[in-house]
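Per-chain numbering from 1; labels A, B, C and D assigned in written order.
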Amino acid sequence: MSDKRFDELDGDTLREECGVFGILGHPDASALTALGLHALQHRGQEAAGIVSFDGRQFHSERQLGLVGDHYTNPATLARVPGHMAMGHVRYSTTGETILRNVQPLFAELEVGGIAIGHNGNFTNGLTLRRQLIAQGAICQSTSDSEVVLHLIARSRKTASSDRFVDALSHLEGAFSLVALTRTKLIGARDPNGIRPLVLGELDGKPIFASETCALDIIGAKFVRDVENGEVVICEMQPDGSITIDSLKPFPPRPERLCLFEYVYFARPDSVVGGRGVYGVRKAMGANLAREAPVDADVVVPVPDGGTPAAIGYAQESGIPFELGIIRNHYVGRTFIEPTQSIRAFGVKLKHSANRAEIAGKRVILIDDSIVRGTTTVKVVQMMREAGAREVHIRVASPMIKHADYYGIDTPDPEKLLANQYRTLDEMCRFIGADSLQFLSIDGLYQAVGGVARNPLRPQFTDHCFTGDYPTPLTDLSGRSKSEPKTLSLMREAV
Amino acid sequence: MSDKRFDELDGDTLREECGVFGILGHPDASALTALGLHALQHRGQEAAGIVSFDGRQFHSERQLGLVGDHYTNPATLARVPGHMAMGHVRYSTTGETILRNVQPLFAELEVGGIAIGHNGNFTNGLTLRRQLIAQGAICQSTSDSEVVLHLIARSRKTASSDRFVDALSHLEGAFSLVALTRTKLIGARDPNGIRPLVLGELDGKPIFASETCALDIIGAKFVRDVENGEVVICEMQPDGSITIDSLKPFPPRPERLCLFEYVYFARPDSVVGGRGVYGVRKAMGANLAREAPVDADVVVPVPDGGTPAAIGYAQESGIPFELGIIRNHYVGRTFIEPTQSIRAFGVKLKHSANRAEIAGKRVILIDDSIVRGTTTVKVVQMMREAGAREVHIRVASPMIKHADYYGIDTPDPEKLLANQYRTLDEMCRFIGADSLQFLSIDGLYQAVGGVARNPLRPQFTDHCFTGDYPTPLTDLSGRSKSEPKTLSLMREAV
Amino acid sequence: MSDKRFDELDGDTLREECGVFGILGHPDASALTALGLHALQHRGQEAAGIVSFDGRQFHSERQLGLVGDHYTNPATLARVPGHMAMGHVRYSTTGETILRNVQPLFAELEVGGIAIGHNGNFTNGLTLRRQLIAQGAICQSTSDSEVVLHLIARSRKTASSDRFVDALSHLEGAFSLVALTRTKLIGARDPNGIRPLVLGELDGKPIFASETCALDIIGAKFVRDVENGEVVICEMQPDGSITIDSLKPFPPRPERLCLFEYVYFARPDSVVGGRGVYGVRKAMGANLAREAPVDADVVVPVPDGGTPAAIGYAQESGIPFELGIIRNHYVGRTFIEPTQSIRAFGVKLKHSANRAEIAGKRVILIDDSIVRGTTTVKVVQMMREAGAREVHIRVASPMIKHADYYGIDTPDPEKLLANQYRTLDEMCRFIGADSLQFLSIDGLYQAVGGVARNPLRPQFTDHCFTGDYPTPLTDLSGRSKSEPKTLSLMREAV
Amino acid sequence: MSDKRFDELDGDTLREECGVFGILGHPDASALTALGLHALQHRGQEAAGIVSFDGRQFHSERQLGLVGDHYTNPATLARVPGHMAMGHVRYSTTGETILRNVQPLFAELEVGGIAIGHNGNFTNGLTLRRQLIAQGAICQSTSDSEVVLHLIARSRKTASSDRFVDALSHLEGAFSLVALTRTKLIGARDPNGIRPLVLGELDGKPIFASETCALDIIGAKFVRDVENGEVVICEMQPDGSITIDSLKPFPPRPERLCLFEYVYFARPDSVVGGRGVYGVRKAMGANLAREAPVDADVVVPVPDGGTPAAIGYAQESGIPFELGIIRNHYVGRTFIEPTQSIRAFGVKLKHSANRAEIAGKRVILIDDSIVRGTTTVKVVQMMREAGAREVHIRVASPMIKHADYYGIDTPDPEKLLANQYRTLDEMCRFIGADSLQFLSIDGLYQAVGGVARNPLRPQFTDHCFTGDYPTPLTDLSGRSKSEPKTLSLMREAV
């Protein structure tokens, strides 16, 4: 349900950079990894990679495009044989999408190879990169995640897992990392646990995955969340048995999972932090109905992100839920660069008004979030053209006012709707709606965790709404476009 | 909402072969045709073609794949210039999908060229083809539709439109045809009006399209349905004005639009035969709730076809509507031939249970139709695995028992669920559900037309449910695989 | 040696349109056909097709590009199974190169299918095409050769071979045709025998091929030339034996093989009309040395066409033969559309002067023919830049003054060098050489046939040199670009 | 003339790994580099890359395939803008051909980026690689050349050119290297000068290229050879002027250019070490005629490598030179993996006997070298089948007995013909010829340098013939397949 990211209306969505998956000790390791990545495809559609180890050698496949474009070809999977594998889906936040940036990244160490996959963003990535280059390191990718490899390679520790932990201790920001060595599969989450990571199990073999939906697709069991600040090391012993150790090598910090996982990113059928995402979204919609009721005829979701909240709003308000916007699933590959005459039709390529259900009605449109508002303008206009008598926008999350530095690709803050207009009324006029309301921050906290925000010690990270960042921002802005004077000197096409 | 056809679960869906679109007198004729075909993509995803005329020359582009794969490339559209264009999307029922079968088909006549696009199927197509070959015609495609071209070429009439009408008089079965000559755009519907065709208008320029959603996408106005047995001839006059004539050249017959357009094929936002399809489907769901109520906790649609009926069922029954099955939109191109280990996961590649909403619940699953039942078995199993306490199947159309010969690709009748088991109980056991009910034929008629079926003169064609075919079946079975002894001798790869 | 046609210097070469190959009764029919076509690749590089018959069904593969690009893929060959196959390589003279023009062409007849491949050009092709369209035929290709199919389909004869002969009787011009029916492989040559065709044999199975080099590659034996005006019908009998019949159905005419086969087209290792082509070309060079001697230091061929004549010239004159121009074989696929800055380097992409062998020398450059002279200008300039003291051009054929209408793609006659300048001196100045001489027509006849031209009854056709056309030119100019007012209305991209 | 490497008869040719080209200060730097690489294509056909610097940023294009497949596309060249560029063509000796191995290699250093292209092979490459990994370096490619980058990055020097020289001081073996920094273009040759490198000039702008043919194609002037052990640094000054400095930073050693450049690798029109390659090869043929005369009718080259020597042999012996083997230039892309039935035809796909010139003749076949002899066997058989009365093999270089470690991809020494048989007679019997003779080592030296080999201080390196290696072989065998226990752990597909 969460493929709004596939939308050509790129300007008004947020993007997460990655999903990770790994499995140790299973004969179908790569095929299972491909399936897991397919279930995590909503977390990154630009590229996907798999690294496996077959007892002798590491193997790698990295491809631009969807998991299903490549990894269901038996010939492709045959190139990543072995009983251990990990994979990564990517939507690039830093680094252009070129093949050498596609993860997992790999390094040969004196003690053997190591592959890593990263979900999140380091807030001191550029700083570390500069230091490493000054010390003679050669960065082959333009991806922030490569610094982890160099920190591992330069660690004075001996064992690859010790080197991995040593490397993590230099990192600030958000990371859910999976690593694969010749004998180990390792999962790690940053001290705040900003991005999710779960431990699962299939036939007694351990699995790490960004979300539980990647366990469900292969019939694996959910074991538990990897905790904030935890490093879980699964190791294959010489006798074939697997041991699982847990380390907490970092100074303890409170968990602050990113609320956007609930608002937008996670798949509705995933269970994140112990909470079913679909149910949380319905609760957001129900809270929104309580906070911002309106007398109307139909509740219409902006597909597909707004659907669960719209169902919640409809059930709470008693106003009928209707599919007032129909989505065209056959978009094809090149609609991303349409002709001028076609571009003018804009939103209609993907969505069309269900005119017979809209004409003459007072419509409540439910969306999960508003970033710049450009899509919302078009959707309101589409409703008007279809004959809606009134159009009321209800947004199932608070206003977005601040940039993210933890792996979400937010636009420049001044382009955010909430920063372009001072008042809700001004925003509503820009949008062209009859009324506009956002869910309150407490309404969001209650939908997710059952209680309001604790301002002294917030239970989640909500920096995009509040500006309260859970970590230092050493690089200040890792995605600044004016910055790379000495870095990213190289531009390469694949 | 209607892209179930894109599903890898091919065995249990029906397929329509085509959608057509044409526009006369507009400077952006090809771009508008591409947009119209995009909106009609649900009617055929295997290939798409556009033919244009620029005042001097006809131009043609025919491509395998989706409209959005090719026709949004400005270079491609530039190859079909001119102020008149028509196009076709295809899902092959007869003729393998090879490039020379992709429509529009074109012929040079002594009086000038003519292009045609066909939605439907001739029940005397093979018979005509045999006669033509005996007379020295060379059939270049393996498509049934090519016989129309030969009939036009051999007509003794002079004007291309007279030849077109002359050719139509030989045809039996279902056809909604659009034709383009050097000065005319022609739309025609068979005497029973089995397949839909509408007349629209943009900036005063006439348009033919299979469904109204193709008008909506370009902001065109709906004028009226082309009537059953009607030939509408739009002609550009030397002064640039456009005249529109209507002929009724065939012996009059009652209109009998195919009910499957309402049950499954048409897009929910289209208005077919004056009725909004989404509303009709909700009414089917509501009638189903009345005919086959069940005490349960949630109403869950089988996405995406079952969603409108599920909303109708939920509203009528008062049982909450929930998204209990989540769809993965990122299927990629090659999941059509997955590895054995991946194929085992079957339905999960496209759909997954929303476990938190299903576990412990009594579930009513709503689907639009059941063909062979193979998908239904998997969906029920998915619900059971997710912890459903009870699973009740409610189908928003009657049992399918008979083959279609009018352009719908039905499996061999003995493979239909309704023919494999004698009783509803046996079917239910095969499906693995706790109960199974189908909408009655009268319930369907009432949802569509407001009154029950008139057995003496049925208002629609319902042959797949009843075996009551509206035309002779001269070829008996145009898609019989054992037949082509002297025909279709040629197999060609593109 | 004869791949000058692959050259980017397109303007100054002639092109033949086709090569044909067929084999009856061999289990590896398609693979052998692919090999035969590969040996005939110099006769057409734009497209290649194979049609086979497996006892039940015809199969076809038609591809743009080289034989070696497609037909060495086992999967491709597997799509043309059976013990009978024929194939065609094409360089388009009439009809754009689109997939539906690629031969063999195929038609289903009442009596079964027939495939044909054509080398040559009909001088009444457009006239026949117009007549056929007036009678209701639908021409799907823009290729002249398609008229043969329609004439076969419309013949009142019963047997497919009778229909084939009947169709041929309507044709004027040049044709070496191979046809394949369900039981027969047929080879036919026009009454003048303008284009070559040989009968060969492998393991007792008959083969037709344009040149003997296609027999050599598969180890087949040369049996004899198909004679001018002869139709050779090889038929597989029910008992598996093969009968071979010869018909002479046309009014007898003297054989006049096209001299350009010797000058330029045929591969040097082929035996055409009983004469080894390499030896004939050496003899042309030797005659040229006698007719047009020059005091110089080195004899340098313009590669690769001029090499045999240069060897002959050097041996006759006693002046050393040297490779003064080196050819770059790695041209790649896209050098056909180079950038402006690269295009300026022109001829150098393919050829470079062997400076150390040229500097300070008096050079005799030997080329096989001069069409427009544009390449010759560049080659002379290249020799000058490399320091040649003198550059003398000797051309191993007479001046080209007239268009061909028999399958050779000649430029407009007014663009021919021999028509742009009145005297040899003017041509020489345009070329920039110190001297320029062409072989005389009698020198050419003597090199090929041992005796001078018989003006009353020329032993060959030499129309490009003399304007003496061996057949009527009914269409006048079959390739005229201004003509197609009612024909070729359709432009299609593949 | 030297594209024998393109041959499918891979087993019996040697391959050089690379060609390099660089230009500083020219507005068309990339287009000129593409042309230069095209002229050097015979030195490597697997991949080609270009790196440019536009004053702000480095740009890179790296592609598998021929230069002409990619770099003549204006869009591709537009991706490598700027006034400085360098490029590389590659035939992989170490490292599989994967995109990240394609050169130029690039690294961002603290002082700015540097790109390098390498022709040759380090005999201590694996040793250095192991040391670097132990120090925490991450090797991203499997190419030996990457160690240079790491040595540069870890150098304690400041300026990039000082770092480059510092890095070179660690290297053993053969290298002709070109490097590009933000202001400099550097060319360097190893102390023995094993591989060639020349300095040229166009419009006053310096150029480095592996051979002079890369200068000729763009009309550039040859300035001089880069000397053995020399580092030439061209630097763009802030005022736009260019300075050229020469360093000799290594302990002096005698020049020993590899003789195989003359025997086989260099293009015949190149001038290597001051000697025209075509003339040297003719002299080899002439010496061979003196050393190993034979009474015969024709001298036939094995195309294309044997042609100049055959001309020399013919001129010296007075026996006529004839093209007895005809080459088919249209091989296409997939003949590299032909079907079994096609593979059986082996050598005939590329070459065919010119039967009319061979039948009944005593033939002297001239080849440039024999590696394993497998091709020679086939060529002799082809001559016999064409009716040759006698077949005498004369090889224009000595017997190859030893592996190369300097960038030539030699087979395992035990597979070399000269090591499989003890005597010339045994070899001749294996080959199936009537006689077999090789050029003597002194005959080779005299053809190249005018005097016999000086055994105390050989003027060239001739290790493949003599086993006398000019440098230590620290890694012993850099291409050993059994070695990579801890290295090259990663296998990646592109």
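The definition used in the following text is that contacts are C-beta pairs under 8 Å (C-beta built on N, C-alpha and C of every residue); 3 or more make two chains touch, one makes a residue touch a chain.
Predicted, not measured: the structure shown is a model, and the values here were computed from it.
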Centroid-based (C-alpha) most distant chain relative to chain D: B
Whole-Å gap separating chain B and chain D, where each centre is the average of the chain's CA atoms: 61
Where chain C and chain D are represented by their mean Cα positions, the distance between them in whole Å: 37
Pairwise touch network: line, ring, star, complete, or other: ring
Chain-to-chain touches, reported pairwise for every pair that qualifies: A-B, A-D, B-C, C-D
Sites on chain D touched by chain A in the complex: 57-62, 79, 99-100, 106-110, 112-113, 133-134, 136-140, 149-150, 153-155, 486-494
Residue ranges of chain B in contact with chain A within the complex: 1, 3, 6, 28, 31, 34-35, 38-39, 41-42, 45, 65-70, 72-74, 77, 213, 216-219, 267-269, 271, 276, 278-279, 304, 307-308, 311, 315, 320-323, 326-335, 337-342, 345, 348-349, 352-357, 385
